[in-house]
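Step one of this worksheet: look at the structure below.
In order of appearance the chains are A, B, C and D, and numbering begins at 1 in each one.
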Amino acid sequence: MSTVLSRRAISLRRPAAPGVILAALVLAVLALAVVAPGLFTPIDPLAASASGSLQPPSSAHLFGTDQSGRDVFARVVYGARYSLAVGVGASAIALLAGLIIGVLSGLAHPAVDSVVNRAVTIAMSFPEFLLALVVIAIVGPGQLSLVVALSIAAAPAYARVARSQTFVVKRAGYVTSARSLGVSAPLIVLRHIVPNTLGPLAVMATIGVGTAIVSAAGLSFLGLGPAAPAPEWGVILSEGRNLLDRAPWITLFPGLVITVTVVSISVVGRYLQSRSTR
Amino acid sequence: MTLTPQHRGRRAAIAVVRALGGVIIAVWGAATVGFFALKAIPGDPVDVMLGVHAQVSESVKDQIREDWGLTEPLVVQYLSYLARLVRGDLGTSYQLREPVASVLTAQLPATLSLAGLAILIALVLSLTGALVIRRPWARSLASAAELVLVSSPTFWVGLMLITVFSFNLGWFPVAGSGDFRALVLPAVTLALPLTGIISQVLRQGLDAASGQPFVLTARARGLDHTQLITRHTLRHAAADSVTLTGYLVGSLVGGAVLIETVFGRAGIGRVALRAIIDRDLPVVLGVIVLGALTFAVINLLVDLAYTRLDPRQRLIEGTA
Amino acid sequence: MSALSVRGLRIRIGGVDVVDGIDLDVAAGECLAIVGESGAGKSLTARALLGLTPPHADVAAESLVVGGVDSARFTDAQWRGVRGTGVGLVSQDALVSLDPLRRIGREVVEPLEIRRRGGGSLDDAVVALLERVAMPEPALRARQYPHELSGGLRQRALIASALAGDPRLLVADEPTTALDATVQRRILSLLGELTASGIGLLLITHDLSVVRSLADRVAVMRDGRIVETGATSRVLDEPQHSYTRELLAAVPRARAPREVMPAPVVLEATSVTKSYRSPDGTRMAVSAATISVQQGKTLGIVGESGSGKSTLARLLLALEKPDSGHVILEGAQWSESRESERRSRRGAIQLIEQDALGSFDPRHTVARALAESLALAGVARASRRARSIELLALVGLSAEVVDRRPRELSGGQRQRVAIARALARGPRILVCDEPVSALDVSVQAQVLALLDGLQRDLGLTMVFISHDLGVIAQVSDEIAVMKDGVIVEQGTATDVLTAPQHPFTKELLGASADNLF
Amino acid sequence: MSTFLALRLGATVAVIASVALLAGCATPADATHRLTYAIEGANLSAGHMDPHSSQLDVSATVQRNVLDSLVAQASDGSFVPWLATDWTISDDQLHYTFTLREDVTFTDGEPFNAEAVKANFDHITAPETASAQAASMLGFAEDGGSYVDTEVVDEFTVQVNFSKPYAPFLSAVSTALLGFWSPAVLADHADELKVGGPDISVGTGPFILSEYTPDQEIVYTANPDYKWGPENIDHSGASDIDELIVRILPEIAVRAGALTSGEVQVAGNITPAAVESIGSGFTVNSVELPGIPYSLYLNEKYGVFADERVRQAFSIGFDADAAVKSIFFGQYPRAWSILGPTTPNSYDAALEGSWPYDADKANALLDEAGWTGRDTEGYRTKDGVRLSARWIAWTPIPDDRAALADLIQSDLKSIGFEVVREALEPAAYNEQYGPKTFDITDWGFSGVDADALRSHLHTEGFQNASQVSDPEVDTLLEDAVATSDVTQRAALYTQLQEWNAQHVAIVPLYVPSLITAYSDSVENLSFDLYGRPLFYGASPGK
């Protein structure tokens, strides 16, 4: 849902520096968790123990344990890999697909452009989450299909921005002067149109990663993502949902981690956006 | 520059025909892509119908395939589907063995009341926020709150609200779709991210508008802060928000799927999800077609509202 | 009773005194002009008179008597009492200074609306106000939106809105800069009538011809201080301060006619036509235009906005294909050949645009922009940096500019880099489309001098397009006058300027007669 | 001039919302005795409203209210008259002759007689009904079944004929699966029975189905003419409950919350985790399900489980006791045999505790079986192949079973035995279940007669996931189903249970119970052998 924000005007005040630094720090910690989860906890996320089931948060188990006695903190740490892979993967694919479709239809013959634009508008009229659901209905649940579904769902938004940006750049002064200098058409596209279209899309993608993570958690909460016992954040949330009154910590902490992650990504994304268009 | 009324009438007629054509193409496009994509799904629909451990012989399964016309060539199935679609018949659900149209429309009121209340709460919250919040510290606090609201997963927020308000405080029933009290928590959960987005867009719209030269002129006439907003900048910010509302209505249905699952409410979202999990293709296709129709109409309304709000659009009604 | 009396006005932003202790006096029925270049603090002063300075500016004055009330230490609520009734503001471009989403009538009458207690329709008040600014068909115009009116009518509506509260002082900040010469003249005469009717007018402008035609007294402002003030005729004819003299010298004048030796024609367009399909019917941008440019000479093309000047320029550069007619460049077919064939000859003719910043890719440094041009001119990669520095020197810029981004340079510097990039291709013809319109008068003079020098040193042929007849008169050997896509008159500079044939040329000459002395 | 459209857009939507709300919850308050029963019922609306064709327990649970049976089975396993006043079994046990009551009518006016019994049994065995369970309970099978046909002797006498003795027939005929729909419905609306609804789900039972909103609720109203209830329920005449509302609340938190908040008076399918949150003022009835407890089925003819020692090592290689106790909060007892303790006259108590968790013995067995190597991740290998078993299950997988699987997987990993779990959608699961391309699968199969083992262990059994094919076992199963002598059947089934303890084709884990919680205001609510509530005879109290 928050991809729409990136197309808004930047907030007049650049975000306070400390906020941005804190957000960057959070993302650094997350990246570390993806690369070397072992650093954070020695416990194996899949190690179950009947005796340790449903323990409240303690020094031994920071986030407590779940019904199978597994350490929730370890599962959240090892889960970072799943969620960030989906978030970054889906946004990158959506950006690439959107850029290609958007730029090509922006430069193509108006008839082609109107057809492509019509298709993009139809896809855009569909909410991203429902589009992802339908794609999963086709490719079946699983980690890979999450990435495929979310990139297909997000691509139309990127395509629309790329197309409108291409129209703007096509008419910009520096393209006219490049033409009058005698720069060839394909070279103009590569050297001026694509780089200047990529800028806003890249910023949009950073915020898109946050949306993809939230949507991925939603989809796996519904059982459409990676199958249990994978420590994906959405799966952990759904494991805890029927134990809310007895063990709320199973649901509380993964949700907090998702929120903090997405907030950090949005803060960094907006900071990049304000710096790039200053 | 001004157009004669008769000239303007003809242009309006063309615009309406073009718009309706757009809706029809959108629905046809969604139906076609949906149909062939769903037919590409592996797995035998009869297995889907019978479920697990049905001690049924192959001959009976062949009989069922006959009845549902699954043995005819793909194109014939597609054309008969289109023919029925035109008459508003969305086929029969594999699982529920009921016409898809009646299955979906039966669930409409529950989702509509949830979405309606959610939009109402979101609009009221964001409008009061935009009017009231003025001091810099309040603005940064508001923008931080909006960011958190938008970033937190709706279903997790729902679970947390249940934990606090149903289990601990017991103010609201845990869930179900019975009386009004059961609607409060789900509607608030759905409304929170909406409030985040709308107030963010509204505030950024107000900030952008207040930087415009005509605001300087208005202030030079002696208008105060509230008059400036109500008479000038809110209308500009509203123009932006209207285009956003079209997008938000769409995201409401997406959100409904999650909220209805978390709160155990009946509704279109639950039916769509169950159909997807059970691979009940006719219902999934019905949801796609109904969705395409609804969203195409909503976008049409939003475009009309936008041109109504911004007179500069009226003359140049051409394509984007 | 004076409309305005200011003593010791000081405005500080970020520790810098942008306005450093100025005194102003405007009597009822008198027009005082403040003239100066951008950055002198003119607009800030104007806004200070309404208490509308930006929040991060701190304003102090010994006394600030506006409309008979000392507002030096006003709170915001007190200021609201004065705004609209004591002092009115007229801004530069009515298209953005009027709320585009509201009808003209509602905008004009708003000052009355927010003050009236009782009900009662204000329609007749609206009509009266519009009639006061000589708006034709006031009842119809009141129901229209700003974008549905012409530039002149919009400006009249803006003035009517400032008059609605019946202020004693009217502050006009560059009221006619966005208008064409002919329309500008009519608005200035309206402001003159309003002053005559008893209102005090404070006119902010950078254009000395506007000062001469409207102001009773003038104050010359530079870097936040008033360097000279006095009666208009005295200050403009016998300037005391050196800066005032410098300003007056920079105003473009018809230069002495150079010997008109016929030279071979290097660029020729015969009855080229170009039309655009817009939602409400096709619009003829250029129709049957025939021009020719002799080598080493400058052809000036003058016309108002929307007259098709820029389209003609793009046709000459073969950036757009004419519907009919054709363009010959250096004797060979130019508009008819295919782009691939044309590309090799593009070095011969180069473009200089009005928006220099826009003509550079935002991500490129000056070095990279010049390198792109030098590469196409066949200069080896190794020697490109040295060649770039040479080119920058040629246009009067120091070497350290090469690693900067255009965004970090001043308007004048950017235009010089654009010229350097054009020269890098070794052109024989330069097409300049409004190259100096966005620059301050003094900077404008320097760039024109640079172009003149380059033409003489490199034997360049030039096509110079502008809406400013003064600039055209200064640079052109031959002049073509365009109106609504048609070249209405064409001939040597002296013939067109001294013996204009076409009525529009006459009107254009009349409108800018003041600065052609 | 319109101020701003966004506000008006919001306002119009609000109007629609409030109208929808009012319509939704206008419940008239009046004096009728109403009782609301909340069930999980997630798949009921997926064409499972006809117990003749459905294999889901929920179908029989709800439709018991409209379907009567010929006989009723008392808690001690004996049979009492219901629609049949008495019955005789021929010496060769091939013919069951029932004498029917003459005063019974369907709620659509049709008379209940021998013709009606025949019409229903024919409907169960008809191919287009595609019966998933009722037909096999009747003993019918397309080839090799024991059921032959049903004969109308005279208007109120009906005889059911078999080709081979079929002992479980009487307990089968006491369930709702073999209940009686109105012959008029069978003639004209047979294909709509799966969807169900008023005027379609018409029986002779104590209630009439008056309203049905799929996925939301079913409303049963009392049948005023009802006076032919089963003898083991001491209530005569129409039910005290005027209106029985069955509400479908799939989420356990929702069901439990609805009970504690008083929205519903009886709540079914309560999970062990939720039992504690019920609190005082409510009675929790937990009935251990008869039939086969929740077990793992080890496929002998696919992978590592061909070797009996590996199967034995697997069965004692994880601490089932601790896992079952912690995951089900002590609500479900540990299962030691392939038959549940409450399965009438067949349970072999001697097996309890006979194969406890013993990691050392498991390791020894695996070494003996040659799995002596170890790979980098600590799993056992033999000639380079890792000791691994593939476990398939169909979605949705209940949370507690997923947690149990986690514990099993984790314990077996510590003895070097890898278990790979695959959650498959029903269609994908069927594709692998047909050709039996898996090592382990899991389910529980409730049934009031031990003959359920035949379908699981007999060479021809449909549910023989372990692919057991042992002539000795086949004859034991066939003899047991053929004799109606209770002691002889018990002895035969005991031999079968002893055989499995040694052979380990099936690893029983826990005996699930059907837990129903109801408010103390509900009086004399009784339960059948499966633990399902019987509302005839109960009363809603206040």
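Convention: a residue touches a chain if its C-beta (ideal position, glycine included) is under 8 Å from a C-beta of that chain, and two chains touch if they have at least 3 such contacts.
Nothing here was measured: the structure is a model prediction, and the numbers come from that model.
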Please work out which of B-D and A-C is bridged by more C-beta pairs in contact, and write that pair.
B-D
Identity of the most central chain, Cα criterion:
B
Rounded Å distance, subunit B centre to subunit D centre (Cα mean)
40
When centres are defined as mean Cα positions, the distance from subunit A to subunit C in whole Å is 47
CA centroids of subunit A and subunit D: separation to the nearest Å works out as 44
Between subunit C and subunit D, the Cα-mean centres are separated in Å by 87
Where does subunit D touch two or more other chains at once, residue-wise?
251, 253, 395-396, 425, 428
Send over the residues of subunit C in touch with two or more other chains.
none
Subunit A residues counted as touching two or more neighbouring chains
140, 223, 241, 244-245
So in the complex, which bits of subunit B are touching subunit C?
1-3, 212-214, 216-224, 227, 231-232, 235-236, 239, 309-312, 315-318
Where on subunit A does subunit D make contact in their complex?
46-51, 53, 66-70, 140-141, 223, 227-229, 239, 241-246
Considering only the defined contacts, which subunit A positions touch subunit B in the complex?
1-2, 4-5, 8-9, 11-13, 16, 114, 117-119, 121-122, 125-130, 133-134, 136-138, 140, 164, 210, 214, 217-218, 221-224, 237, 240-241, 244-245, 248, 251-252, 254-255, 258-259, 262-263, 266-267
Report the residues of subunit C in contact with subunit A in the complex, numbered from low to high.
317, 319, 339, 343-344, 346-347, 349-351, 353, 355, 358-363, 372-373, 376, 418, 421, 425
Complex contacts: residues of subunit D adjacent to subunit A
251-253, 271, 273-274, 276-277, 319, 322-323, 325-327, 395-397, 399-400, 402-407, 409-410, 421-423, 425, 428
